[in-house]
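Below: the structure, in structure tokens.
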Amino acid sequence: MEARSIWERMMQIDRRILYAILAVNIVAALMARVAIEPDIPPPVKRFYDTIEALQPGDMVMVSSTWSAGTLAENQPQFEAVLKHLMRKRVRFTIISFAPPARDISHRLARRLTEDFGYVEGKDWAHFGYAPDIIIAVKGMSEDIVQAIRQDVRRVPIAELEVMKGVKSLKDYKLVVDVTPSDTLTYWISYRPPNLKILYCPTSVMAAEAYTFLDSGQILGMITGAKGAYEYERLLGIVGLGTRFINAIQFSHALIIVFILLGNFAMFMQRRTSAS
Amino acid sequence: MLFDTTQLVVALLWIAGAFALAIALIPLLGTLPPRGRFALISFVTFIAGLFFAAEFFLPVGEDNKNILTDPFQKMQGSLQVITALSLGLGTYGLVRMHLRNAIQRRPQWGYSLVLLVAFVVMAFFSVWNTMAEKGLFGLKRTPLLENAFTLLFDYTLIQLDATMFSLIAFYIFSAAYRAFRIRSIEASILMFTAMLVMIGIVPLGKLISDSIGLPAVQTAEMRTNPFMLENILYNLRLPQIASWIQETLNAPVQRAIEFGVGIGALAMAIRLWLSLERGIN
Amino acid sequence: MDWLIEFLPSSVERVNVWIGALCTFAIYSILYRENPFYRFFEHMYIGLAAGYALGPYLVDVLYRYWWEPIRTEGIWWLVFVVPFGMYLYFIYSERYGWISRIVIGALIGAYSGLAFQMFSSRYLPQLHSALTKPLWFPPNATGEIFLSNIFNNWIFLIILISVMVYFTFSFEHRGAVKRTAILGRWFLMIGLGAMFGNTVMARMALLIGRVYYLLDSWLMFRVGGG
Amino acid sequence: MSYQHAEDNWFAAILIGFIALAVLVNIWRARRGKELYIRRIPGLDAIDEAIGRSTELGRPVTMIPGLTAFGVEAVQALTIFKYITKQIARFATPMRLLTANATVYAVAQEAIADAYNEAGRPDLYDPDSVRFLSSEQFAFASGVAGLMQRERVAANFMFGIFYAESLIFAETGNIVGAVQIAGTVSFTQVPFFVAACDYTIIGDEFYATSAYISREPVLLGSMVGQDLAKISFASMIVGGSLISTFLGTDHPIVQLLGKPQGWQPFVEWLSQMLGR
């Protein structure tokens, strides 16, 4: 039997070894304490500038449809955006289009608002969960009291102090869509014409969104946990994005190295078998 | 209170009547010949589509509404109700299959049993939880419900869900090493772009560019004078390349895809609306 | 020692976290090989997911969009929605199976009808944006326009048109059209490459999220960064 | 920047009307027996080549419609699988069609039996060659991967709608050295297919492939109508860009082409022009 060349063995490496390499790489990178300053990409900068331009007391809708499945991507975004909104003393309301998303965003918002002295019902509110996004967005564009009726704590919307002077989505300045699924289409299609959209997708959906950034259908975008890291640097805070970024970038580096290695091994093996 | 009870009874009577009507119609429908069946299905399909289409196309008044705008909400709600019922259909199929496995003691029937037990327990707490939220039938959120729901949902279902999703990372890594070969021009363009984007969008890309001494900022002079050497070097920074790929090269590609998909979806909507699609209806 | 005491499942909270970790390891065990442990948790997962859906996606929807409007707003015609929606369940019947197609037809029709607003709102602003990219310094320039913007506008137009040409089918591609289409396919690969790079990042982030859970919540290591 | 109703810019209604007309008129023409032309896409040559190579090896061919639920895409994927089956039936190459959906499974059985009949080799049809593995994503994926490795398939065809499991199929096919052709409308999965397969049929090409094979009038007519729509989009983009360049980006004609509230300025401009 012919001895297998090192290249051949390299190409037929057990996949479990590869899995282990990836896992070790991620654990090590999560533990590492190095920080590299990022370059801020234009969509993140525009996101930041749009919120910076808000006046205290302006209304913002946060559409939060993520839950633990994509926590690593969406929680850093959600936290960074909320902190920025509260820093600007802006009023905001949250709505979810999936039940687990409601629970997780309400819990998180309650914890975050405490630090900024925001009072639920007075400075912010959670509208709970709406099963159908078309009904919710179209309804809220006309009349929020009618469409939502009561907040997540079952307090009637009309009695919330935060809703003073606010009748419908037309009185909002912005909607921030934090999402792992296709909620953006519905915000784009059914919102009132003047409501601006900021977008926090998981990275999978980011590439496709560039056409909307170009057309102005969305004004800014934070791409996954990596984007949250860039946003955290703009805000000058340390959050989950900062914790995850090393693991993200070193896993990218690892994959690139292994793609190159795989191709190199194939090339060498072809050369040796040809000669 | 009395008024409320009367209203409840009336509502229940209406619903009972509607069910009676639906059941009474079945034998009648059964007498339809195949051609009539197809005509009926096509007609219902067309009418359902016509409502939503007309709401969009009809002229609107001062308040930005036409006569169909208000019923729109209720129609859309009905659509949701029917979709919800179809969920029951899928659940029924799943439960039926595994019940059969378990009862007939087919191979691996133990796992079917696990599935059924998990289903029944979770369904019980989930429905209870939903009803308690609405205060239906006087149900409340008790500590038992809270604890059971936290355990089953937050610490089991959600964990399993997140882990299932994250498995793909391992597969991607393994596939990247074993399957992504320079086999054609296309695959090479794709891989090369992907690698540039992957390194350019993370801070490592900036670090690499900085360490080989490329200028870190674009001055006003460089903007107005794009052929300056500094400006060319600046644009060769990995973050700048990645940004440019995504915003200038990728955006028009995505838009062309969008147009193709949008036109295709519109054409398909028209075919389905008018029941022209063969093999489906 | 303190760490060990805290680490062990000694409170309800810790038991929950341990169960979460157990679920995670059970699913990851498939990476080694298919095994009964994995299969047990996989079936549990399917059962739990199906059971959970009934609360929010069936009971809640029926309550909100059917029962409540009937009861409180008195919209009586809604009573017909559920009985006729139930015709769906005839799908399992040999004799009356076709009746379920009436309801499916209504769903298909409705989604077709909704397509028109979606088409207008989603694609027309993109069309408008595609044709407001001046190919030279325009007469009504608002704000600064640089040569690089003009250059990028040309690239945008060329890529957009060539990819669209690639996706035409009703005429023979030959000569210049063929070359444009081939170019279009190559440009397409650039877009797909960008999607690929971002997808890798997303998947890695989700895995990192799981590892973070194990390190932070389960092992109680404070994970650093920065 | 959004459309609540067609009145926001009647151009929307005009454009939709044009596309609907283009599609319906061409479907009508095709039904009347008019031979509509659809070009043979390169993907089809790739399919034929893969069939040729697998018949030389004599090992089985796998066909996977992914997780595609029964619907338009499933019907079209089966059209393509039927075509492939007819080709390999002539050389008696064994085939496996693996599904994750019970309805697709039932329809596929019928379609494959038909294909063997039409190829004149009903004796070759083995009911066990069409299989329902599992409706669960990864259980299905590991089932497919196992089968591909055990039988060392020579060619692997993947057509339909795919999700994250696409990677596992493509990687496994690669390991066993199969010729792989994929065709999907799921753009998020296309990168994986391009990187790991020999040829990938992308987006609308998938519909064009099945229209080409089946010669179904509705599909052909629709494809031609969609092409007209695409050509009109492209010409509006080129024309609009020129107007933007020479007359400014806020010219009424430019506003008409897709901008919400763009109708009114256009009508005013038009009446001014006509009045002069």
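Per-chain numbering from 1; labels A, B, C and D assigned in written order.
Here is the rule we go by: contacts are C-beta pairs under 8 Å (C-beta built on N, C-alpha and C of every residue); 3 or more make two chains touch, one makes a residue touch a chain.
Remember, it's a predicted structure, so these values are computed and weren't measured experimentally.
Peer 1: Shared touching chains for subunit A and subunit B?
Peer 2: Looking at subunit B and subunit A together, the chains touching each of them are C, D.
Peer 1: Using the touch rule from the top, point out the two chains with the most contacting C-beta pairs.
Peer 2: B-C
Peer 1: Farthest chain from subunit D, going by mean C-alpha coordinates, please.
Peer 2: Of all chains, A has its centre farthest from that of subunit D.
Peer 1: Taking all protein C-alpha atoms shown, work out their mean, then name the chain whose own C-alpha mean is nearest to it.
Peer 2: Central chain is C.
Peer 1: For subunit A versus subunit D, what separation do you get between their C-alpha means, in angstrom?
Peer 2: Chain centroid spacing, subunit A to subunit D, equals 31 Å.
Peer 1: CA centre of subunit A versus CA centre of subunit C: separation in Å?
Peer 2: Taking the average C-alpha coordinate of subunit A and of subunit C, the gap between them is 13 Å.
Peer 1: Measuring from the mean C-alpha position of subunit B to the mean C-alpha position of subunit D, what distance in angstrom results?
Peer 2: Measuring from centre to centre gives 20 Å for this pair.
Peer 1: For subunit D, what residues touch not just one other chain but two or more?
Peer 2: Expected reply: 1-6, 8, 16, 138, 187-188, 191-192, 194-195, 203-204, 230, 233, 260.
Peer 1: Two or more other chains in contact with one residue: find those residues in subunit A.
Peer 2: Only 19, 22, 69-71, 131-132, 134-135, 188-190, 204, 207-208, 210-211, 214-217, 223, 226, 245, 248, 251-252, 255 qualify.
Peer 1: Mind pulling the residue numbers of subunit C that touch at least two other chains?
Peer 2: In subunit C, 30-31, 46, 55-57, 60-61, 64-65, 114, 116-117, 119-122, 125-128, 130, 156-157, 160, 164, 167, 188-189, 191-201, 203-204, 206-207, 209-210 touch at least two other chains.
Peer 1: Could you list, by residue number, the parts of subunit D that touch subunit C in their complex?
Peer 2: 1-6, 8-9, 11-12, 15-16, 36-39, 41, 136, 138-139, 142, 187-188, 190-192, 194-195, 202-205, 208, 211, 223-224, 227-228, 230-231, 233-234, 236-250, 254-255, 257-260, 262
Peer 1: So in the complex, the part of subunit A that touches subunit B is made up of which residues?
Peer 2: Residue list for subunit A touching subunit B: 11, 13, 15, 18-19, 22, 36-39, 41-42, 67-71, 100, 131-132, 134-135, 138-139, 207-211, 213-215, 223, 226, 229, 245, 248-256, 258-259, 261-263, 266.
Peer 1: Which positions of subunit C touch subunit A when the two form their complex?
Peer 2: Against subunit A, the touching part of subunit C is residues 31-32, 55-57, 60-61, 64-65, 114, 117-118, 121-122, 125-126, 128-130, 156, 191, 194-195, 197-212, 215, 221, 223-226.
Peer 1: Which residues of subunit D touch subunit B once you look at their complex with the stated criterion?
Peer 2: So the residues of subunit D in touch with subunit B come to 4-7, 13, 16, 19-20, 23-24, 27, 71-72, 75, 102, 138, 164, 167-168, 170-171, 174-175, 185, 187, 191-192, 194-196, 198, 203-204, 207, 216, 218, 222, 225-226, 229-230, 233.
Peer 1: Can you check the complex and tell me which residues of subunit D touch subunit A?
Peer 2: 1-4, 8, 187-188, 260-261
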